[in-house]
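As written, the chain order gives the labels A, B, C and D, with residue 1 at the start of each chain.
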Amino acid sequence: MLDETTKGVFTIAATPFLPDGALDFDSIDRMVDAYVERGANGLTILGMMGEAGKLSAAESVAVVRRVTSRCVVPVIVGVSAPGFAAMTALSKEAMDAGAAGVMVAPPSGLRTDAQIGSYFHNTADALGDIPFVLQDFPLATGVQISPSVILKIVEDCPTCVMLKHEDWPGLEKITALREASDSGARRISILCGNGGMYLIEELLRGADGAMTGFGYPEMMAQVLEAFSGDKLDRARDIFDAYMPMIRYEAQPGLGLAIRKYSLAKQGIIAHPTFRKPGAGLTAAAIAEIDTLASRQTKRLKALGI
Amino acid sequence: MLDETTKGVFTIAATPFLPDGALDFDSIDRMVDAYVERGANGLTILGMMGEAGKLSAAESVAVVRRVTSRCVVPVIVGVSAPGFAAMTALSKEAMDAGAAGVMVAPPSGLRTDAQIGSYFHNTADALGDIPFVLQDFPLATGVQISPSVILKIVEDCPTCVMLKHEDWPGLEKITALREASDSGARRISILCGNGGMYLIEELLRGADGAMTGFGYPEMMAQVLEAFSGDKLDRARDIFDAYMPMIRYEAQPGLGLAIRKYSLAKQGIIAHPTFRKPGAGLTAAAIAEIDTLASRQTKRLKALGI
Amino acid sequence: MLDETTKGVFTIAATPFLPDGALDFDSIDRMVDAYVERGANGLTILGMMGEAGKLSAAESVAVVRRVTSRCVVPVIVGVSAPGFAAMTALSKEAMDAGAAGVMVAPPSGLRTDAQIGSYFHNTADALGDIPFVLQDFPLATGVQISPSVILKIVEDCPTCVMLKHEDWPGLEKITALREASDSGARRISILCGNGGMYLIEELLRGADGAMTGFGYPEMMAQVLEAFSGDKLDRARDIFDAYMPMIRYEAQPGLGLAIRKYSLAKQGIIAHPTFRKPGAGLTAAAIAEIDTLASRQTKRLKALGI
Amino acid sequence: MLDETTKGVFTIAATPFLPDGALDFDSIDRMVDAYVERGANGLTILGMMGEAGKLSAAESVAVVRRVTSRCVVPVIVGVSAPGFAAMTALSKEAMDAGAAGVMVAPPSGLRTDAQIGSYFHNTADALGDIPFVLQDFPLATGVQISPSVILKIVEDCPTCVMLKHEDWPGLEKITALREASDSGARRISILCGNGGMYLIEELLRGADGAMTGFGYPEMMAQVLEAFSGDKLDRARDIFDAYMPMIRYEAQPGLGLAIRKYSLAKQGIIAHPTFRKPGAGLTAAAIAEIDTLASRQTKRLKALGI
């Protein structure tokens, strides 16, 4: 079960589809194995980049069961939903299937501190004793959550054990939360998203690791390993080698297609298919990705990776 | 099956719950009967005021089956969803259960004309031959749809047979659409929402009726009957008698609680329960509603109603 | 000088233009006189419906000077601006010209309680000892302000002497603020906007009056007079007589044109001209307004008004 | 005068302030000289990162006059305003002072294609024969502009001579506009913003250069020089050396403080002061910037720069 001490890399998993748009269960298996081989300490499935919103309720359950039955590391399941009934139904299925916890992003209409706090109190009530991750991703949700609101949720809801941090800018938020826990607030796990764009700085500010996807998912483990081994400069060198691609994948809306293209190119999934709506890649975009990939390979080789 | 010639009153149905939040199937039956007795030519279920987003997928199907098995007038089912898989799954269940058509509101991220047009083209593709209602409700969705975009969808998608009009302000939009169909564009049905706040003007501009809910659902039929009987002044008198309550119910977020309170007060549903999140009524609010209701009764009596 | 005890009707003034779009100073004079004759206890100029954003800095100052030199009741000047330099410059001009205070709405990007509180603390700092009105109008600004945030601003900023209340729904907010001041918080003036749509309920909840415009500005004084004279039913009757027009004028974006048309029709201003951007009235809309006006006249006459 | 053939680097200028918040005219002079020495082919002042919204009307004019009197390359002046009166007033002052053209971003409320097109038609009307830049920056404005809308504005408004492109993702938009001009549409200049984050790809797609700021403003000229000299790999190497800092400066809201800190550190401006509201830098942030700067220096040196 997920708890406050969780550390390392939780890879945000894609949801693979066949060319006709049906779920690709064989690719799920291969992808799960590949993520773990490339250093994932856990997986997060049915997140935004897992196209959760594009699955039917039955498909979501099918994905959860397939991944949890295959995966040898803990699995977190995204259960964000317009209402608590759908959230609870999927959470129960997920925990029954062996998930370690669930992740919840706030619905886009929330504005005031009171509305946000109340939403997560209701979430904790609805989820009972299931441990959950608070996903803080304002660029996608439109909801801005102050550190004081997070601290109140952490104080009131013992089942909130992790923050998926992807506020932007968000470095001072990590510092504020760590200063609070250093001063006696309950310390929860902070894993960072945003495609890893600020990974080094986030770790320096007190994050416990990364929860993000990337077309080359080994990046997160490589950076963390160097960082944890007190080789900060090497961690930066590795990170910088990936950065042109990280930046390219960071294009909103287009990032999904880019990531799936990279995963398919490496054989991690069979097809780059994603479901509508969503922008596809032109020939020019594919050429850009290929160029970046080839420069990335060269630079990593120069680093002995 | 729903088609372009649909007219009259389609009442937006509430979803009744027991005090513990479970679906109240007995109240569903009573409510369906009451709506029809009070003049509904059709029902629309699982809309925003039907708390669609707060139901699990299984509950949505249960509501659809209960209503369609009871209801003697056509039923439209709201199937708006973050993705097409969920939309299609519910639509199929609805049509199998005997629904007359489905209703789709755009997801809140759409901005440009091209994005909106593309979304409804994809919707039409996903729904196959199921007739659908385009719900145009910018205050709730944040999506503003130009008349030219609606006309293009109408032109390209023969299964788009109705507009649920609740743009605000939206009177010129009705006029623009009717001028277009007078000049040769396909004429679809326009039923108006927004709690009926502009019902008389909407009818004068060319709307075919109302698709809205209200705590006193007989209002829509009474106004339409007078209007259709060429008693415009009487239609206005009736409308004006209800207007203070229409206005009170128009409070965003709070409208659901107000409407359910009124429905419960009249015995149409057993309990005013609604699901979280949602604001409840204070004693002060209940007193305000009761006062408005008593003045409304008096004024209607003076009109011989 | 404006202070916490301010009561009554502060009419939101239009800004009259000549047909070529230039400021119409003669109409300003006539309009100021008419507002006062029709019961205004004060005026608020350069608000949103005063087209403040469409004036150059020099024009804003010219309007302020003309109105303050003519007006025999206190004048509040809207000084909302993207930055504090422009806000301060206009505020100084306004106070020098004899204004009683200024009004500030938050810029649309504010989200968290801390951001909003900080913005008004900075506002109070920038304005020095000038009394100011906090304009709380989420439908227009996109900024939702919790009662607790307002109370903190009131506590920390003695120059915040009034709330222009136009949250929607907002009745519980009035109650919350009045309960707080009954329990010891500083009590500030609350005048209500939103076109008067909920005026009776707002007064019953503890508002001190209205700060709004309307094509028939005598409405506010008539309702308040009856209300203050303990003739609540008569206040409701009067209000209900105006309600169809209040509702019609409440159409966002279009309300300005409707109000200016009504003011021009009555000779209060010479021309209904407004500046771009802004939607104009079609012949159909004008016919609708004329019909509503004629029914309104009849109904008021029946009430002896 | 600005026209469609403009190419190269237009540096987005900061607005320097003294520690007390007053305009720092000496720093303006020094900064203008530094930008030109570091390769600017033109300057753009009073943009968003120039804190335009935080200046009073009088201050804006003062900045325009100081910069234009000093600057030996063309100057574009940001004139975005809530209304056309303020926009026109500043534009006239700017052109009288010797500016080459003006830049206009759409106000945040625009949604439909028709609204956006109409806004820029009105802009062109209001500006008369002044050449203008259309600033397309959805992340900041919330307004999404389709290629077809831009093309219509370009077709109808001959004074629209340049696009400041900072849509994100926006590469396909450049391609679409260039394909259109290759097929006969009027070809306007496209200079790219977004802090330079996608500069290489933008140039490959057909952009004519960059219009952006950065704490190390020589970056843009260095990249463009290599790119124009057919040394694409070297252009990428230079770009990659700056990328960690570009990425760090890309933090919304915080970017201004970061950029001003870097400019002040290099002596380009005397003080890193910026006006409220705006987030400042903590000691941790300053340490991060210093580390990135020192790695950047090392890497550029390795490239012989």
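Just so we're on the same page, a contact is a pair of C-beta atoms (placed from the backbone, for glycine too) under 8 Å apart; a residue touches a chain by one contact, two chains touch by 3 or more.
Quick caveat: nothing in here was measured; it's all calculated off a predicted structure.
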Steps in the shortest chain-to-chain touch route ending at subunit D and beginning at subunit A: 1
Chain of greatest Cα-centre distance to subunit B: D
Numbering shared by both copies at the subunit D-subunit C contact, with half separating same from different: same
Centre-to-centre distance between subunit C and subunit B (centres being mean Cα positions), rounded to whole Å: 33
Centre-of-Cα separation between subunit D and subunit C, whole angstrom: 38
Averaged-CA centre spacing for the pair subunit D and subunit B, given as whole angstrom: 47
For subunit C, residues that touch 2 or more chains besides their own: none
In the complex, subunit A residues that touch subunit D: 168-169, 171-172, 175, 197-198, 201, 204-205, 236, 240, 243-244, 247-248, 251-254, 279, 282, 284-285, 288, 295
Subunit C contact footprint on subunit A (complex, rising order): 111-115, 143-146, 148-149
Residues of subunit B that touch subunit A when the two form their complex: 51, 53-59, 81-86, 88-89, 108, 118-119, 122, 275-277
